Amino acid sequence: MLFTYLHLAASDELTRALAESGAACVAYETVETDNHALPLLAPMSEIAGRLAAQAGAYFLEKPLGGHGLLLGGVPGVAPGRVLVIGGGIVGYNAAVIALGLGANVTILERSIDRMRHLDEVLSGRVSLVMSSTLQIEESIVEADVVIGAVLIPGAVAPKLVTREMVTAMKDGAVLCDVAIDQGGCAETSHPTTHSEPVYVVDGVTHYCVANMPGAVPITSTKALTNVTLPYVEAIADHGLAEAVALDPALARGVNVLDGRITYEAVADAHGLDFHPLQDVLPLSPV
Amino acid sequence: MLFTYLHLAASDELTRALAESGAACVAYETVETDNHALPLLAPMSEIAGRLAAQAGAYFLEKPLGGHGLLLGGVPGVAPGRVLVIGGGIVGYNAAVIALGLGANVTILERSIDRMRHLDEVLSGRVSLVMSSTLQIEESIVEADVVIGAVLIPGAVAPKLVTREMVTAMKDGAVLCDVAIDQGGCAETSHPTTHSEPVYVVDGVTHYCVANMPGAVPITSTKALTNVTLPYVEAIADHGLAEAVALDPALARGVNVLDGRITYEAVADAHGLDFHPLQDVLPLSPV
Amino acid sequence: MLFTYLHLAASDELTRALAESGAACVAYETVETDNHALPLLAPMSEIAGRLAAQAGAYFLEKPLGGHGLLLGGVPGVAPGRVLVIGGGIVGYNAAVIALGLGANVTILERSIDRMRHLDEVLSGRVSLVMSSTLQIEESIVEADVVIGAVLIPGAVAPKLVTREMVTAMKDGAVLCDVAIDQGGCAETSHPTTHSEPVYVVDGVTHYCVANMPGAVPITSTKALTNVTLPYVEAIADHGLAEAVALDPALARGVNVLDGRITYEAVADAHGLDFHPLQDVLPLSPV
Amino acid sequence: MLFTYLHLAASDELTRALAESGAACVAYETVETDNHALPLLAPMSEIAGRLAAQAGAYFLEKPLGGHGLLLGGVPGVAPGRVLVIGGGIVGYNAAVIALGLGANVTILERSIDRMRHLDEVLSGRVSLVMSSTLQIEESIVEADVVIGAVLIPGAVAPKLVTREMVTAMKDGAVLCDVAIDQGGCAETSHPTTHSEPVYVVDGVTHYCVANMPGAVPITSTKALTNVTLPYVEAIADHGLAEAVALDPALARGVNVLDGRITYEAVADAHGLDFHPLQDVLPLSPV
Amino acid sequence: MLFTYLHLAASDELTRALAESGAACVAYETVETDNHALPLLAPMSEIAGRLAAQAGAYFLEKPLGGHGLLLGGVPGVAPGRVLVIGGGIVGYNAAVIALGLGANVTILERSIDRMRHLDEVLSGRVSLVMSSTLQIEESIVEADVVIGAVLIPGAVAPKLVTREMVTAMKDGAVLCDVAIDQGGCAETSHPTTHSEPVYVVDGVTHYCVANMPGAVPITSTKALTNVTLPYVEAIADHGLAEAVALDPALARGVNVLDGRITYEAVADAHGLDFHPLQDVLPLSPV
Amino acid sequence: MLFTYLHLAASDELTRALAESGAACVAYETVETDNHALPLLAPMSEIAGRLAAQAGAYFLEKPLGGHGLLLGGVPGVAPGRVLVIGGGIVGYNAAVIALGLGANVTILERSIDRMRHLDEVLSGRVSLVMSSTLQIEESIVEADVVIGAVLIPGAVAPKLVTREMVTAMKDGAVLCDVAIDQGGCAETSHPTTHSEPVYVVDGVTHYCVANMPGAVPITSTKALTNVTLPYVEAIADHGLAEAVALDPALARGVNVLDGRITYEAVADAHGLDFHPLQDVLPLSPV
């Protein structure tokens, strides 16, 4: 049995190989609760959000290609501005760290209820503004650091930041595209690695490291184990069949079973037949 | 003996009448400690600063002539911007209340040490920027409320806000000139009263109420009594001669004694002879 | 099609005219989610709550009829007391601003769960007390500002503040009745306007402006558009029939359709026949 | 050489014995800087202030004789009130802990400058009120815990809390008299011990433990060593004569030298001759 | 009719006597909402959590058997460490007060969602760590105060703190076992009373007072009445039959009716027949 | 006239050349106020302190050689520990940013008064511990990031962190030695550059960039201009002779005048004759 991140939609070869292997393949990234939360992705989002703010501050330094600004300023010199696009888990964590660094922070978000929650827990220390193309255009030209935190679970990230917007940004500003694992939310983004984390487009430093949490394995491993262990225990205690019967979230994680594809998006991606889990594994309530 | 606010430099008639009366006249506003603090003015500055922020928020309302903005915004709508010119007692108190109202606050100040102190006690929640004509020009166009908090003890306030700057401000913005008792720090300011507190110049609502603390007599009276009582007690216990001998701050408050003018700026203002206090009252150490 | 605030229960004439017009009339105020939230009223409640605290502070000024108190006090003079009756959206926002002004704040509320939430997000800075007639009587005599924030969606506000309680209040205290749009929560309240916002009963200044958010149209318009736009887009994209089929909250907003009254309370108010929406518009799931 | 707390004014016998011993006796409690700070007493004041707030909360419990109140309340039940008389080191520390326990805290203090400082660093979370007999009378009847924090260095504490005031307090309230080492600031106070810390007068639990810091020797010893060690090192490095020559604060600590009394108040207390230190030890600059 | 805490599972005699009495017996502790909250226990948990932190600080004092540490430290001396095992209502309230006392606080908890919430509302001021036996072992040796806050509604508390762990704790540390009413979460815990609240095992002071809220009856009574009154009113207004029909939470509170046991766990505990409430009282929807 | 950073003690050649040039040379780094503050160095210390905390967080990342820890942790994973040695301007600023990043922060400092101030303005969020060799040894082994912030104006930094201590640190921890411009406070430190900022000793990443503020020229230039401009204006308005006569702080900045060395430490460093400024420039009051 294989229980890890799989991202099968991205690899035809891997999908077919796993189907042929006969292994039961449960993907971390598709474990999903009834209210659409993704418990095995959330800790990675927290880590990536926090790292993004740190990286944004760091790459503002002149020797690293930035315009040479201290994000928090000092008494007598105004702080820099951080624009966080998206107020979900990534955005909240990025904003908390950016505030901690002393920056002037704006979060653009589309859910009013989410903004109310953020206003309450951040005690009014950030500007919370309804997101729209117009608003992004307006806010992005003032930003020293832009953090792209728009993730739609299981979907390609929308290209909210256009090439024109990047061109309009300040010279030496930094764009951290945390959505890069899902294609990025800027038209100018393409994945980078921890060994070469940044590149420059139109004077804007792009930080687009795929798998950002890989930079902090002590924290990431603990955080991931915290959330996966209960599932591992459930499988170990009850066997997969009963475990998925007891927990629909886990059931949604099963991508491949008995040589068949049991997750619809993966089947679709590769033109394979989709077999609902409950057909393959009659116990499952999904 | 008269112990109250006198402001004799402003009235030739009053000065001469008091000299003729033979009364000992001690002015609250010239009681001054060795390190140049004005203990009987400070509480009025605190009150005026706090009232200024409240008035700024209130006169942003459309029916009162403002552009119709809620200073603190709400989740989804960015807060307004408050520019406080001068980070002394008035400015600090105005900033604290403006922050409490949810505004985005910038303080312009010239003393780095003072800005460091404000940064520490306000925990980084305001932008603290070195003041200059250029900086005021740049910041004032973005402000929804401008609070003029530049007071130089015993001097006419400098005209830091020019007519051109006022013209460049947003339509419906509010300018509270707390320095109005000393002539105002904007070229467009002239004193108003609590019954008609505001007027409009170039679309900018001017709140220039002289004697702002008069609006809150319960608070002002208590605050003033808190600081004057120890002097009253000293005079009652020791008599004026000994009291001023013991306390140079009180000595500096004596403006008129035995028909002679003992405060130089008052004598100068009216072309009268100045008699140092120690000549009139030999005990005094001043 | 008409999509705006309608308040048809209050006007027989308007209701009949709209029915005759044949227009589809969707009322902002009856759009209601499954968990009884009113998403198109909430931003107005946030704005009204914040304005109420600002108005309360302002009308404490002596020249405006108050007893002349600075709500936040100054070092050496205790702050004033604000009593917020009702800890919902209005009450929370009023309390946040009152705290920001430096006041000593008490919220009376009946839901323990709500009070727990407020305690968490306000970090223990307000007194949260179970509301009851007895408690209001006890607390109101100590208050400098009372904010009536008891709104029951779609119902007349309960008269929690009696004439006797008003009589027992401090002379020069301020009562802001935010529930005035639904009749007010004080027996002594009657609607006022922004041009004459206050009147005095038994020495207590009553601020009972109907449509408070009208004072800050920049903020109100943005806040309202933030929440109405998604509905407008849904109607534009899908047509009303499909849009209400997809979204029961929107369906509840339909008051008049094809000449028939589809909202029960409106039909009842005017003795007209009530036609459930799904009868008139078979697609609707309500 | 003896370098410790001596309190010789309180013991004729000890004073004479030390004089006869020929030892150089330096008293912690009279080491005093040029600006009248007492560096070797301050850490004990910090500890006592913090302990006082903890004790106040604890002795409110019913089984310990209090009226049975949780100082911080819970959501739905208002917190208790703590009155701190004196806003010096003891009072500040007591207030910080009382705030942390969730209480509603008022500090009475006579220095406006000190109150301004407390307002800044406590961010407006306490009521800061000018102290007076009238104010104490008014505030004490509402308090659940009163902390007497009025210490005048080297003098008997003033009896600010009269018997009548104690009688007027709530039944089951707690009075912690931190000034007890200097006689106490309440007429009803007399010293108690850690083994029997409290007694009751007119229904008010009195906590008047002398040497409060003795309850937390780990903390007290470290805190004391932190401040005494530099003096010990100076004496060890330079010898007493040179050390006091270099440091007037240490010089003020010398009470007995070469059989003579070198601290005036001690000499006065026992009718002994006073010998200025510079006469006995010519190097000393005092 | 009897409506109070009953805890019938613990007493065969009481259960049988109540059944024979014919009284309708509704137990506070089994009133349970659809989402498994226990509204009539929650306020007691809040109070117990806050008291536990206060007791922990107090029993660190040397004369009371502790190692003599001031929990909050002072500048120059590090604060003590508080370990809270369990981040539910008890744990959150204990942590808030421990933070307020100046301690360095760690909460061990198993729900990531709960930890996220605590991180938001406590603004990152506590360390939030996934609980496990290994983690408890590691953290407990560094703690000065351990607060056992692991309560599983209606079940015996798990023995998370073993004898070995207690032995490994610091000498003079304090263990407050708030779970004592359900058997305690430490192997070394046994119930104590307010008159003799503590005992020592292996150098560790155990504070295991059953019914902790009994120490603060003013607060406890108000808090309890706040939550029970609405049920009392419902019963008074509608009669029990209709009241339980309207409110499934109240229905779950009925333990004994018409001589029959209607709460399964109680019936099981004493080998009596269980009669579902809807059989005895046909109106009930449970 | 030359008015900039000179650091002449470090360069014999430069010193002689400037003397020969006949230029008046005023060194930023020796401008010193009467109370020993260095106003033209302080802003650089603020910037360096803030950058140090950012760099510490960044170099904990695994790909950069760190042990792979997210400094602030996430809910469920404890934050890292930052040890700041020295609580002056550098240390305070480093601590503020480290707190903002979510770290657990300890400051070691020798001045109790300074620690009291830090405790007040940081509201008890850091552990403030008296510094000593023993304490550094004890604290350093637990730290993930160590910030060396011990600067003695005009002197070589003391080597507080020994080679043995570095060896005892965690593998992959980061040591930022902000004192590197004065030789560094760790035995293992040697200056690095922004292009190669780090090297590893015994598994510990050393970040020892000389001239750290050079990384953020926008902020550094503004901050420096803020403090130098008033001196430039004074020299421009009055000429150097009168300017130094008016301002002893500026006078202390004059290192070379009329071919003579007027700053003693520079003269000593190169075995040149020292000419007190008042001899060379009779107006000067120094």
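Chains here go by letter, A, B, C, D, E and F, matching the order in which they are written, and residues are numbered from 1 within each.
Here is the rule we use: a residue touches a chain if its C-beta (ideal position, glycine included) is under 8 Å from a C-beta of that chain, and two chains touch if they have at least 3 such contacts.
Predicted, not measured: the structure shown is a model, and the values here were computed from it.
J.: Any chance you could name the chains that touch chain C and chain E both?
T.: A, D
J.: Return the chains common to the contact lists of chain C and chain D.
T.: Touching chain C and chain D alike, sorted by label: B, E.
J.: At the place where copies chain A and chain E touch, is the share of residue numbers found on both sides over half (same) or under half (different)?
T.: Different; most numbers are used by only one of chain A and chain E.
J.: For the chain pairs A-C and D-E, which is connected through the larger number of C-beta pairs in contact?
T.: Result of the comparison of D-E and A-C: D-E.
J.: Measuring centre to centre, with centres taken as mean CA positions, what chain is farthest from chain C?
T.: In terms of C-alpha centroids, the chain at the greatest distance from chain C is F.
J.: Of all chains present, which has the mean Cα position farthest from that of chain B?
T.: Following the centroid criterion, the farthest chain would be E.
J.: Which integer distance in Å separates the CA centroid of chain A from that of chain D?
T.: Each chain's C-alpha centroid was found; their separation is 56 Å.
J.: Approximately how many whole Å separate the CA-defined centres of chain A and chain B?
T.: The separation of the two C-alpha centroids amounts to 52 Å.
J.: What's the distance between the Cα centroids of chain B and chain F, rounded to whole Å?
T.: 38
J.: Return the residues of chain C touching two or more other chains; collapse runs of consecutive numbers into ranges.
T.: 43, 72-73, 75-77, 96, 102, 112, 121, 123-124, 130, 222, 226-227
J.: Could you tell me which shape the graph of touching chains takes: line, ring, star, complete or other?
T.: It is other, because the touches fit no line, ring, star or complete pattern.
J.: Chain pairs in touch?
T.: Going through each pair of chains, those in contact are A-B, A-C, A-E, A-F, B-C, B-D, B-F, C-D, C-E, D-E, D-F, E-F.
J.: Can you name the residues of chain C that touch chain D in the complex?
T.: 72-73, 75-79, 102, 104, 106, 112, 115-116, 118-119, 124-125, 127-130
J.: Inside the complex, what are the residues of chain D that reach chain E?
T.: 43, 46-47, 50-51, 54-55, 57-58, 60-64, 67-77, 93, 96-97, 99-102, 194-195, 214-220, 222-223, 226-227
J.: Help me check something: in the complex, which residues belonging to chain F touch chain B?
T.: 39, 42-43, 96, 121, 123, 222, 226-227
J.: Hey, which residues of chain C end up touching chain E in the complex?
T.: 112, 120-121, 123-124, 130
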